[in-house]
Structures are given as structure tokens and as C-alpha cells.
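Here is the structure we will look at.
For clarity, chains are labelled A, B and C in written order, and residue numbers in each chain start from 1.
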């Protein structure tokens, strides 16, 4: 049987104000003494009075709270930042394993960690503080910016440029060839994919994503974009700053996403499109036309969410509507029978 | 050219009853002498009389069969069990390769196999009989239960607990960070994902799946669940016992699937939902509300399959319905012309 | 910050006709002197006159062109072939790394490259000129045909046969077990997947695809098929010659695709179907019935594209149609009021 779950101990504690020591962050209805909690969703304000937490992060002051309050206009953001201070990931080994492969002409920064079975190719540059987990592959001429962490079995192709503090989860492939082919009569000829991928600073990419290199030029993921697992990003795509893309989503070739775009799970955008800033794309939605900034889209082909919802209501009523049309037809036939024939219709 | 296919020889033979030696299992219309066959689908009972097989597994006795019959109420299940007895996977090497990396404080059971380039992290526990193929990564504090097999390049993150007799296919990632972020004004802050993943006994997971660790607490896949390739399971999800999930499916954060739930390919469930026991979810279907036990759901947003089919019929007839509405409008206009105007409508 | 993009220099130059030296291929509105360009899309013929390119590939001769013209009936194909002549991928190391693992009884051809941390299993055959990147896993008895390239972390299971000049991108898994199980009452029994996968000559497969081995017999990808990233191909599927399959697509068990079939992103085909030659399947489309050769299909469940488009128009008009039905109902009621009651309806 599976060993029962024992939660991983937090690795730090902090004193909070004069005399409150905090050892942990917990949801408001589970928090115990010595723990910090938060209210981001107003529905949870009702728990403030009874919470056992020793301190609380709130959006605005509450008379109900009997413990120290930390007030922040975005309590969820404050929680995230404090949680980062508490959370220390397992400190692994430091240094470069002699079971790794480092090309003779690769350039290695200070304080890096290279685990066994990681591979660093010719002329690649690994900047200060980078961590390369086991099975990571770094192609020739690639650059991994300072402080970035590449989890196990991440593959980074030749010439790919990765910024600072980037996190890439296991199995993700950056810089595979784009899907570019010229069909002939009895053959299909590959178009060499000679561009690169650029991942800017503070991007995070989930597990098992594929981000293809450009045919010519570059595929670019801009600053602070967050990408979930199993997302596919085709050649020459640009993902704007702070965009967030949920799992199993695909973006076709040469499409440009603006900044702060949100895409739900299993969604897609077709090729050569502009998706405006702050566009929201629902789950299982397929966008095939340009979008308007700030609007939400649903369905395939995607339409504005309000329109999509209205159509869904009518779609649901369709059997009833059809039944009514049949009734009306009958009532019209009855009416027609009762009316005298006009001349043109005279019986023969 | 590709070498022509030569089927892999079975590695065992069994005597069946007094004097029938069986060397192979084959479909009923292909079976030859010395082979065992089965009828799971009643449509195939018509082949019983003419089959060349030397023995046959049936749900109920048949007068048509001229060879020994093995009767089982679930012949497909009986076939599966017998096939397992016949099939012996390639016996690989035994022992721990000196080209693998094993942390000094990892605990290794008896009879395990660790291939070259597998990595076992600090304090990890590898129980008896486990096989770790090349490129497998086991994070710190992880536990791999007795008899489990992790195929090439599987990644298991820190603290993940895997039960007994679990099979995980190549490239799958267990314990990557959940997709949890707090958006600020000009930044997006990561919420540390401090929970774990628990995979219970007898689970099988296909190739290139991602199962994220919980934000807090655990993500759990319960006993005997079977997961196809490229499935994404988000943080804090629970998959119930004996549930079966087809390829390219996604389950969003904190959703709980009951037991014996079936999900078709390319389907999805949104977050924080309960999917009742024995729910069936069709291919390309997106469930966004709680389900009723034993019911089948289709479409996006998902509705009960009967309702979905009815709407499809009406949807198909929609052009015709619209045409009829136009005709009725014309007939009504004709009727209106023939009737005398009432007072309020008097011509001026 | 990310280092600014510096394009990778092309590695060859060619003289074109008597006195034009070409160093690069560029899009027509970006090409500079010394560069070759092409017009595949007639819309771009308007750039011919003003292009700075030193030579141009065209479908038919143009009086506007002031530079040498290369005429080919399929200019895009000609461009692809010429681009291949220009493009030389980074020449990596040659030979077999002593940090790779090669089984003692594996057979290695001439001129192969095996990077560190690649694994070649028992009796596997690696033909001439093959390149196995780091982290590649080749199972027992597998064959990799001459000139094939397997990028980092590709997994090839036992007994899989791969043809010549096949390209497989990073992280792809060929020969994982098919999803075959027999549900019992309190257990689910695995059906051994004892078949193989055959990949024919000149196939290209993107990153992170999974192609499952057959339950019995084979899964086969035929000559020159091109498969994008994250495609899932189930057990016993056959993909026909020159078929092209876009990303995030799934093909269910035992389905046969004809030749020159095209599938859009996020599409799927259910099991045990025949998809006829030259069928086109749109993005996010789910095919659940046999198709007609040469036709295009859209939607779920898929119908012919013309029918799908017509239904979409009516679907869009559905709120308006329903409104009209309500108006007609009112007009009929008005008409009914004006007509004298017939006997059966006489007031009491």
C-alpha cells in the first residue's frame, strides 16, 4: 500500500510584528495557531471571526479579525509573495557533476548546478546560478540566462536563447523544427527551419510543452508569460508579456498574442492572426479571426462570450422551437381552410 | 526499405486440458491449429463453427465448438488474464548499472533493475523488484512501490509516492508544479506548489502524461485507474478507483473523479467539480457542471448524451426549419391580406 | 535581458547562372542584393517589380522581373529544395561517445553518431549514418534505418522498425503500450500489447508524439507521412503515404488513414474507421464515420465542410429565427381571433 501522506515541512519561520511567530500558510478554515492565512475571495470573509490563524492578509481592514492584519489591495498577490519567502525548495547538490557532458568550448557561469546525464553542447553559454537537472539537453550555441532552472529531460535546441529566472518543467522541448513542408506530386519536401526561439525573462513553462523554432527569424515568448503543461506553440509565434495559457492548448504558425492574453484549456488559435491585448479565450475554444482587446471569446468558431451564451440558450430550446413551428403550420393550414378561396385559386 | 514485419514469438506454451498444447492467442477468424481464441462480442459467435483454433474461451457453452471450451462469464477478461500468462516481456538485465546515478542515502530494495542514465535522488526509496529504464529521474524523497516499472525518461518529482505494480510509460512526468499564479499589475507571481502526488497500487499511466503536484496537500490517482497517453491532470485532482481516461484529455485543478469514471479522447473537465461514480464522458466533450452517477455526457458544454443526440438531430434540420419559418411567414401574410381590417388597423 | 537575436549565418553560397552569387533565401519584400526569393502565392506577384532580390523563383515567367528567373510549376516546392541545399545543420561530433550505452550484441552501421547518454538495447540494429542525440532510448531488437536522425530524448520501444531518412523530434515515444484493458468487477486487467510499430522511409515526426505499439500485429506510419508535435496515434492505426497531421491530434485504435490525408490541429478520428485518400479534416474536428475521398470535413460530429458552414450560418441566425417564430405565433393568434368559430369549436 501507498505510504500515508505526510506533508513536507516548511523550511523557514518568520516573526510577524512584535510577537507573532509564523511557521506556515494555510487556507482560512484550516489554519491553526502559528499559521498565517489570507482572504482573496470575499465569500471567505465570513471565516475571519472564527479562524484560528495567528495573522491574516486582507484586502481591507476587518473588525472581525482578532489577530494582526496585513492589508494589501491584492491579498492573493501578497499571499503568493509571502509563500515564496516561506517555501525553500530542496537544496540539491551544487557544482557540475562529472557524469554530465559539457562541451569543451561551452561557457559556464558561477554557482551553477549541472546534474548527472545533462548535456551542454558546443559554444553554449550557461549563466550564473542556472540549474540543469538530469537528462537536460542544451544544443550548440544556446544561451541559458542567469538563475534559470531547467527540470529533468528538458530539451533546448541549437541557438535557442533563454532569459533570466526562467523555469521550465520536465520534458518540455524548446526549439524543435516547425511543421513546414512543401507538398509535391509524390513527395513532401521539408522546408529547413533555420530560425530560433527566444524565451524572455521570468517566463514559466509547464511540463511537456513544445515550442518550435522559427522557419526564418524567431519564435518569441515575452517577459513573464506563464504557460501550462502540454501547450504547443508553432513556428514564428509571439506570445505577449504576462499572457497565461492553460494546458493542452495550441497556437498555430505566425500568430501574435498581445500582452495579458488568457487562454483556457484545450483552446487554440489558427495561424497568421493577431490576438489583441487582454483577450480572454475560453476552454475548448478555437479562435479563427482577430480579436478585440479585452473581450472574451467562446466556442468554435469563436464568438464573443455573450453572443456564444445567447446562442447556447437558443440551441437548447431548438427542439421546442421546431415543435412550435410544426404547431403553427397546422394552425395556418386550419386558417387557410376556413378562408374563402380568392380568384386565382378558384376551384376548377 | 523497412524490413518486413516478423511477429515477435511468444515466449511460453501451455498445455490445455489433457492433450492440447497452446502456443499463441489469436482472433477467432485468424486462429490456427495450436492456438487459443475467444468470443467476447456476440457477433463473432458465427465464427465458432469454422474456427481453426485448438481451444476457445466463451461466455456460455456452444454446441458449435468442436474443441475444448473454457467458459467464463466475462470472456474478454479471461482472455486478458490468459494472454498475460503467455506474454513474457523481454527479460532485460538485472541489477543496478554503474552508469546510473544513485544518491548515497537512497534506499534500494531487492531484485531491482536500474538501467544506465537513470537517476535516483536523495533519500528516495526504490522498493523490491522495481525497474527503472534509462533516463528515468526520481526526485528526492520519492517512493517507488514494489514491482513498479517506469519506462524510459519518466520523471518523478520530489516527494511523489508511487504504489505497487504501477506501470508508467515513457516520457511521463509526475509531480511537475501545478499552474498556480497570482496576477499583479505588471507581474505575475508564482504560488509555490508544495504538495505531492500519490499514485496508488495497480495504476497504469500512458506515455507523455503530466500529473501536477498539489499546491497544498496532494493530487491522487486511486487504485487500478488506467490513464492513456498525453493526459494532463492538474494540481489537487483526485481520480477514483478503476477510472479510465483516454488520450489527450485534461482535468482541471481540484476536480474529483469518482470510481469507474470513463473519459473519451480529447475530453476535459473544468476545475473544482465532482464527477460522480460511473459517469461516462464522450470524446471531445467538456464537462463544466457536476454529473449524475452512471450517466453519459456529450458536447461542450456537456449535456446528457440523449439530450445531446436530440439537439444534434434538430441542429441538422435547422436549415430546413428556417426555410419552413419563411414559408409560414408568407402564408400568414397571405391570410392577413384576405381578412378585413379591424378598427384599430383602419386605413387612413 | 535576453541577448538580441543574431540570425544564424547560412553555411553555403551558390552561383546562379553566369554571374549571380546567392548567399541567402528571403521573403520577397525583405530580400536584399545577393539573395534569392520566390513567389508561391499569386498575391505576392505585385512585389516582383520592386524586389531587391538578385534572382527569383516563379511559377511562370514575369516581364516585371529584372533579375534571373527560375521557372517551376510548383515554386514553393522549388524553394524548399533550394533551401535544403543552402541549409547545413550544425555539424556535430562523429562516432560513438563512450558515455553512451551500446549493448554488446547491438549491430552498428558505418558513419553513425551516438551522443552521450543515448542507450542502444540488445540486438538493436543502427544502420549507416544514423544520428542518436543525447538521451535517446532504443529498445531491444529495434531497427533504425540508414540516415535517420533521432533528436534528444526520443524513446523507441522493443522491436520497433524505423525506415530510412526518418526524422524524429525530441521527446517523442514510439512503441509505448496501446491502451488495451478488460474491465472486470473490481479490477481492470491489462491486455498485453505484443505487436510493434513500423515507421516507413522519409517520415518526419514532431516533438512529444506518442505512437503506440499494436495489441497484435503492427501500427504503421507509411512512406513520407509528416506528423506535427504532440500527436497521439493509438494501437493498430495505419497512417497512409504523404498524409500530414497537425499538432495535438489523436487517432484512435485500429483506424486506417489513406494517403494524402490532411488533419488540422486538435482534430481526432474515432476507432476502427477508414479515412479515404485525400480526405481533409479541419481543426478541432472529430470524425466518427467513414469519409469520402477528397472531401473536407468540419465540426463534431464531423460533416462535409459545405454542410458545416451552412449550419453555422443558420446557427448564428437562430436567435433571430426564434424571435420570428414568436411573432408569427402572435400574428396567427390575431388571425384566429378574427375568424368565426367553426362548429366543433362553438362556445358553450
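In this section, contacts are C-beta pairs under 8 Å (C-beta built on N, C-alpha and C of every residue); 3 or more make two chains touch, one makes a residue touch a chain.
These figures come from a predicted structure and were not determined experimentally.
Contact topology of the protein chains: fully connected, every pair of chains touching. Annotation: the subunit A:subunit C pair of sequence copies touches via predominantly different residues, less than half of the used numbers being shared.
Rounded to whole angstrom, the centroid-to-centroid distance between subunit A and subunit C, based on C-alpha atoms, equals 24 Å. Residue positions of subunit B with contacts to 2 or more other chains are 117, 135, 153, 171, 208, 230, 248, 266, 315, 318, 321, 325, 328, 332, 335, 339. Residues of subunit A touching subunit B in their complex: 1-3, 5, 7-8, 10, 26-27, 74, 76-77, 79-81, 83-84, 86-87, 89-90, 92, 97, 99, 115-117, 133-135, 151-153, 167, 169-171, 202, 204, 206-208, 224, 226, 228-230, 242, 244, 246-248, 265-266, 283-284, 312, 315-316, 318-319, 321-322, 325, 328-329, 332, 335-336, 339-340, 342. By the touch criterion given at the top, residues 101, 117, 119, 121-122, 135, 137, 139-141, 143, 145, 153, 155, 157-159, 161-164, 171, 173, 176-177, 179, 181-184, 186-192, 194-196, 198-201, 208, 210, 212, 216-218, 230, 232, 234, 248, 250, 252, 266, 268, 270, 286, 288, 300-301, 310-311, 314-315, 317-318, 321, 324-325, 328, 331-332, 335, 338-339 of subunit C touch subunit B in their complex.
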